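Quick heads-up: structures coming right below.
Note that chain A is present in both complexes that follow, paired respectively with chain B and with chain C.
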Partner chain A sequence: MLFFSYFKELVGKEVTVELKNDIAIRGILHSVDQYLNIKLENSRVVDQDKYPHLLSVRNCFIRGSVVRYVQLPPDGVDIDILHDATRREARGG
Partner chain B sequence: MSWAGPEDIFLSTSLASYLDKKLLVLLRDGRKLLGILRSFDQFANAVLEGACERVIVGDLYCDIPLGLYVIRGENVVLIGELDLEREELPPHMIGVSASEIKRAQKAERDATDLKGSMRKRMEFLDLD
Partner chain C sequence: MVLGLQQFVERVGDGSGQPRLDADAGEEMMHVQPGVAIVLGGRLPESPGTLYISTKRVVWLSDADRAKGYAVDFLSVSLHAVSRDPEAYPLPCIYTQIESEAAEDEESEGSDSECGQYLELSKVTEMRLVPSDPSQLDTLFDIFCQCAELNPEPREEGEEENSWFFGDEGMADDGSDSEWQPSENLVNPIGYANGNHDLARQVLELQINDQRFEDAEEVEHESQGGRQ
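This part shows the complex of A and B:
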């Protein structure tokens, strides 16, 4: 639940999602759910020429199970709050 | 995929907003399916009506009609909403027939196999 809550805070920010099949998609985080499925708006594939079929895709749904990384803006993270939340989770869980 | 609670009303990650839209579904094996989403569930299983597989080899492409498809969610990588105001593919790409794209696929496979076998023969040199 920690990362679900954490991603909920990032809704509206621009992120880059790197998938396990190496495709990287940059877009505005629209929503996230308990499985960490991600919906992006205004999305663009990072290497457009390599993936011509994704040219006109602007909004997409990404299944949580295929995400390798979610790259965040450096100022999108309040490290201290994240640390506290993690310690609380570790103590309670 | 969660059912939206009252506070999630603007935050839903459900596929409901994609219903009856023409979508591009990327599968784990690299296939690209296009079709109209008619149904889905919490595992991202999906029913696509009028589905076709878009095969792309280099600058050639072909849409192979498939009909009504049920996709098991575990194979889904991405579901993309196609922007109707934009071109689905770059203008330099050429649409060809199914038999031609199959020939192009075979040629690409043979080239990769040849590259693989040549690399295997060079392995003893331990160059990299």
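This part shows the complex of A and C:
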């Protein structure tokens, strides 16, 4: 549940979600669930020339299983805490 | 479960035109929305039709042609959104992306879908649902969210949450990065002659009084700090 807990801390921050089909969508993280389904607000496609169909949608829901990366805001990452948390998670702690 | 958009023509026989759901598998109807047009890929809208949202999939059935209908499992719906931007599409709609088997060939999606009558359903990666009543869009979006949450990736039987293996499993773990502590009961502890006590005694008895073998003077440098 590490990522679920971690992403909950990022609610309200701007993230960029890159899907497995290469589309990247930037928006404010509205919510996340245990399956890492992501809801974004004020979302827009990063590369608009390449993907004009999805110019800007107010809210979107992204299935967790199609997410490749979630790009985080630089001020949203505490490397030390994340490092400790991942190590604890790996040991089943 | 099959990935991607499918033909769907199985209607309940009572004349209501409702789609036949898989009740044995627990599939239930969540929402029915009449007056919805469907837009597949870059094609023209198809209407009139009715949208049926079940716990497992999205079904659109044509009101005019009883042999026309489409369905897609929620497992295949990668994302959905309310689209109100006229530059993206002239009409407010629910925009969805569909994950399909034949999705690698992205460029063909638009052109193939528009080739006259023939529609390659397995290549459809975008689907729009245009309700005649745009005020229903937020409701439809919420229902899509609920149903997506009902359909997470299926986990195989017996697959644990933590099925990963790490090289340091089994080591003494007090939760911190402690140094490896050697056991007290080593078979051949360093400093012992491994049973050859004669050799040990001979070494102990050796005495050398040469100045050259005296300990060197301690030079100021970082010591081990008593970590033994």
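The rule is simple: the second predicted complex is superposed on the first by the 91 of 93 C-alpha atoms of A that agree within 3 Å, B and C clash if a C-alpha of one lies under 4 Å from a C-alpha of the other, contacts with A are read in each partner's own complex, and residues count from 1 in each chain.
Simple rule for what comes next: a contact is a pair of C-beta atoms (placed from the backbone, for glycine too) under 8 Å apart; a residue touches a chain by one contact, two chains touch by 3 or more.
The shown structure was predicted, so the numbers you read here are calculated from the model rather than taken from an experiment.
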{"item": "Chain C versus chain B on the shared chain A, clash or fit after superposition", "value": "clash"}
{"item": "Partner chain(s) touched by A:Val11 [first = chain B, second = chain C, both, neither]", "value": "first"}
{"item": "Partner chain in contact with A:Val66 - chain B first, chain C second, else both or neither", "value": "both"}
{"item": "Chain B versus chain C as contact partner of A:Ala90, first or second or both or neither", "value": "second"}
{"item": "Touching partner for A:Tyr35 - first (chain B), second (chain C), both, neither", "value": "both"}
{"item": "Contacts of A:Leu19 with chain B and chain C, given as first, second, both or neither", "value": "both"}
{"item": "Touched partner set for A:Ser56, first chain B, second chain C, both or neither", "value": "both"}
{"item": "Footprint overlap on chain A, where chain B in one structure and chain C in the other make contact", "value": "19, 21, 23, 25, 33, 35, 37, 39, 43, 52-63, 65-66"}
{"item": "Touch list for chain A against partner chain C, complex", "value": "19, 21, 23, 25, 33, 35, 37, 39, 43, 52-66, 88, 90-93"}
{"item": "Of chain B, residues touching chain A in the complex", "value": "1-2, 11-15, 18, 24, 26, 28, 30, 32, 44, 54, 56, 73-74, 76-83, 86-90, 93"}
{"item": "Chain C residues touching chain A - in the complex, by the definition given at the top", "value": "77-85, 87-89, 95, 97, 99, 103, 106, 125-126, 141, 144-145, 148-149, 152-153, 162, 164, 166, 173, 175"}
{"item": "Chain B-facing residues of chain A, complex", "value": "8, 11, 19, 21, 23, 25, 30-35, 37-39, 43, 52-63, 65-66"}
